[in-house]
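Note that the chains take the letters A, B, C and D in the order they are written out, and that residue 1 is the start of every chain.
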Amino acid sequence: MSETKGLTRQQMADRMALEFQDGWIVNLGVGIPTMCSNTDTGDRDFTYHSENGVIGYGGVASPEEEDLLLVNAGGQNVTLKPGASVVHHADSFAIIRGGHIDVTVMGAYQVSMTGDFANWKLKGQKGGGIGGAMDLAACAKRVFIILEHVTRAGGPRLVTACDLPVTARGVVKLVSTNYGLFEPTGDGFLLREIAPGLTVDEIRATTGGKLTVADGLKTVQLSR
Amino acid sequence: MGQKSKQFGSFRESVADIPDGSTIGFGGFAMPGVPFNLIKALMEQGAKRLTLVGNTTGGAQQPRMPDMGMLVENGQVAKVICAFTAATRPTDVLPFTKYYESGEVEAELVPQGTLAERMRSAGAGVPAFYTPTAVGTELAEGRETRVINGREYLLEYALKLDYAFIRARTADSFGNLRFHRAQRNFCPVMATAATCTIVEVDEPILPAGAIDPDDVHTSGIFVHRLIQVPAEPDGLWPTKRQERRR
Amino acid sequence: MSETKGLTRQQMADRMALEFQDGWIVNLGVGIPTMCSNTDTGDRDFTYHSENGVIGYGGVASPEEEDLLLVNAGGQNVTLKPGASVVHHADSFAIIRGGHIDVTVMGAYQVSMTGDFANWKLKGQKGGGIGGAMDLAACAKRVFIILEHVTRAGGPRLVTACDLPVTARGVVKLVSTNYGLFEPTGDGFLLREIAPGLTVDEIRATTGGKLTVADGLKTVQLSR
Amino acid sequence: MGQKSKQFGSFRESVADIPDGSTIGFGGFAMPGVPFNLIKALMEQGAKRLTLVGNTTGGAQQPRMPDMGMLVENGQVAKVICAFTAATRPTDVLPFTKYYESGEVEAELVPQGTLAERMRSAGAGVPAFYTPTAVGTELAEGRETRVINGREYLLEYALKLDYAFIRARTADSFGNLRFHRAQRNFCPVMATAATCTIVEVDEPILPAGAIDPDDVHTSGIFVHRLIQVPAEPDGLWPTKRQERRR
């Protein structure tokens, strides 16, 4: 990915992870969302669920810890936390579809001001990569998205309406970008926190729909 | 994987907040898996206008242990949803029968597999499904059916629970459970369907991680409250059934 | 139950059990059907499935073998055969509904000539005892019924049409009574084997619909 | 519990009778649970016009092990039903893509949870069910939906398999299986959906009864053929993935 303004990828993940509440069951998508598990959340502790039925996985396994038959949804060899368990795929998605996941964090190409998002298919592509994204998007209690604020061409990813095929409609509650923290409001986006070094005008210029700004707008606090 | 302890010190505390009008599922099939101690605590707690879900209202067997029927007799129940409102053998009259026949308590009779699947569906986010069970019977009268690939099926809806009362052999502090033999029955299914699952556990509660992840029957993500059953006579345990007389 | 002509209860069960093929997955209802597990079937061996999720149970447990948490669908304490396993109720009925049970043997009040049967509700009763009977009846590969040939009042139980609420329609493949072995044919019953001491005329007089008789009618062979 | 042995001497024999036009499910998610040896045997066996069901057509990872995509490349496949016809990261081009884009092979793209539930339904005798997944998306266009309790759901149908190819850690001679960690994934679900389940097993096959009944993951009633995987190089085993380059 090209050099970008504002937050680093890890910082975007860190900001998102600070929203998680103690005891939450969390599903992290591949890529930047996975970095949420690196965040120091103090006393708060979570249960990480993976689509392949691993409940309670921990960090990426060191070479000595590695078990070739223990992977997360990204195919990484991981460890297990005390209290972990394993179920089969139908039971794993029963957990997802049944609304037992407190939050899913995913990457996306676009998020719309009505909370739609697109992350499974490029323009003009035949087929695509859905994986568990549509189940998670439709069924998790909260859908959080992490993405770069602008495309490589400089266009917005927070848009009035997705022009790529959507993954689910009206579900996105919170978006963390390198420019700040946003909520879709129906007719635009609420800027809740701004990244250091960015201005509201810069953000407004690169965001679809109406940009509203939170009262007493805070800067994203960085621990690293 | 969360700081809050799921362990409760007493059955009384574990059911204290259950409001009137709750829908509660009760694990168990014959003796195994029945949460005798939680039922007893709920009788003392006194919540009213409850909807009870379970295989049977109970009471046909001796010795009689706490069962759904006792909550009915205790005046706490508006409705039962179960696979038996009468005993398997017609000559066994259940204590429940007179409350049902008088109209004091409502009942919804559901085939056992449909009952299990309706709760499984509630836990699995499936709002409705089709089944061949009960097609062409009195239970299907006036209900929606559909022909799929030439066969007729009945539409059944998910059945959500506010609480599940279940019994397990082993638990760890995260709430992972193991059941012994036929103790499993409805218990894991009800745990997934309930907003709050309360488990009475035969053995001392183990530290998280003491159960191999491959050997967990019900993940702790479905379990909210754990209480170890004390030794008799403080705790209620399954007993040998008396032989029926022919 | 009153004294009856023809086969004993165990003999009715024995005759039925001889129909089972090696390796079948068998579900036996409470009462006489359970006695099928006492039958000597020689080299043929079966897997007994119970509604509560016990797959591969064996005989009734002796006092030394007894495990209070191991019961069959009739609530009897049983043993397990090597290769047994346990599943929960939804999975147990997935086995039933999914057509994985080769035969279910049940008791009944009535069987009709079109293969309907009734076994869950008496006349005028409010509610009834369905248990797993409707699932098994609708979904097992074969439904076999064992019942006394006539009611206590002497009326037929093999009837032209059930006047009790049915458990399922058109599913019964074979009926073992104390008078013999029968198949519903649509407009009556085919007498496949006759019990010792009975005559075709006696059976015809106590059977609903047309009674047809198998070519070269055999007598039920008894091992006890 | 039956006299006939389920143990086969070779992978070749275990797939010898698979006819052209079969629908075959392949367990596995990333490396764990993929039946590498059965896929290899099926490539040698040569059955044609197959419908393959699995999470992905494979081929994006190095080292490449036998996967559904290789059967496609081998000219044996009419259709795939899976959750990915493209890789998660758009820059990874799957070998499957050119066969799909040219129209040589058909594909049905199904959300992963819907795919698992459709097979679970096939095994569980549920012909169709409702799910919120994919409502409002391209996948729901022109399809039947229904509003239940104010929310819109999509109707999905059971997906039966003729064969399931899966991999397990442990088996007994009756066919009871245990999986190690993430090896479980689709394997138990596909076993219930298939007319014939063929299992490649990591460890020597145990006598019936060697696995505690409470610890069985998949009952032998769902398993028809067992073959132990030989040591390398005769047998194919999971290997460490190469790190991706950024």
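Annotations
Please note the rule applied: a contact is a pair of C-beta atoms (placed from the backbone, for glycine too) under 8 Å apart; a residue touches a chain by one contact, two chains touch by 3 or more.
None of these values were measured; they are calculated from a predicted model.
Under the touch definition stated at the top, chain B and chain D share these contacting partners: A, C.
Ranking all chains by how far their C-alpha centres lie from the centre of chain C, first place goes to A. Counted by C-beta pairs in contact, the busier of A-D and C-D is A-D. Taking the mean of the C-alpha atoms as each chain's centre, chain A and chain C sit 56 Å apart. If you average the Cα atoms of chain A and of chain D, the two centres end up 29 Å apart.
We define each chain's centre as the mean of its Cα atoms; on that basis chain A and chain B are separated by 37 Å. Multi-chain contact residues of chain A, defined as those touching 2 or more other chains: 86-87, 93-94, 96-97, 139.
Among the residues of chain D, those in touch with two or more other chains are 117, 120, 124-126, 131-132, 179-181, 213-214, 217.
Pairs of chains meeting the touch criterion are A-B, A-D, B-C, B-D, C-D.
Of all residues in chain A, those touching chain D in their complex are 30-31, 50-54, 66-71, 74-75, 77, 86-90, 92-94, 96-97, 116, 121-122, 125-135, 138-139, 165-170.
Residue ranges of chain B in contact with chain C, taken from their complex: 29-33, 55, 61, 83-90, 100-101, 107, 109-114, 116-117, 119-120, 131-139, 169, 179-189, 217, 238-241.
Contacts from chain D toward chain B in the complex involve residues 117, 121, 124-132, 146, 148-149, 151, 153, 157, 178-181, 213-215, 217. If you check the complex, the residues on chain B that touch chain A are 1-4, 120, 122-126, 172-174, 176, 192, 207-209, 211, 213-214, 216, 219-222. By the touch criterion stated above, chain C contacts chain D in their complex at residues 22-25, 43-47, 49, 55-56, 80-87, 93-100, 139.
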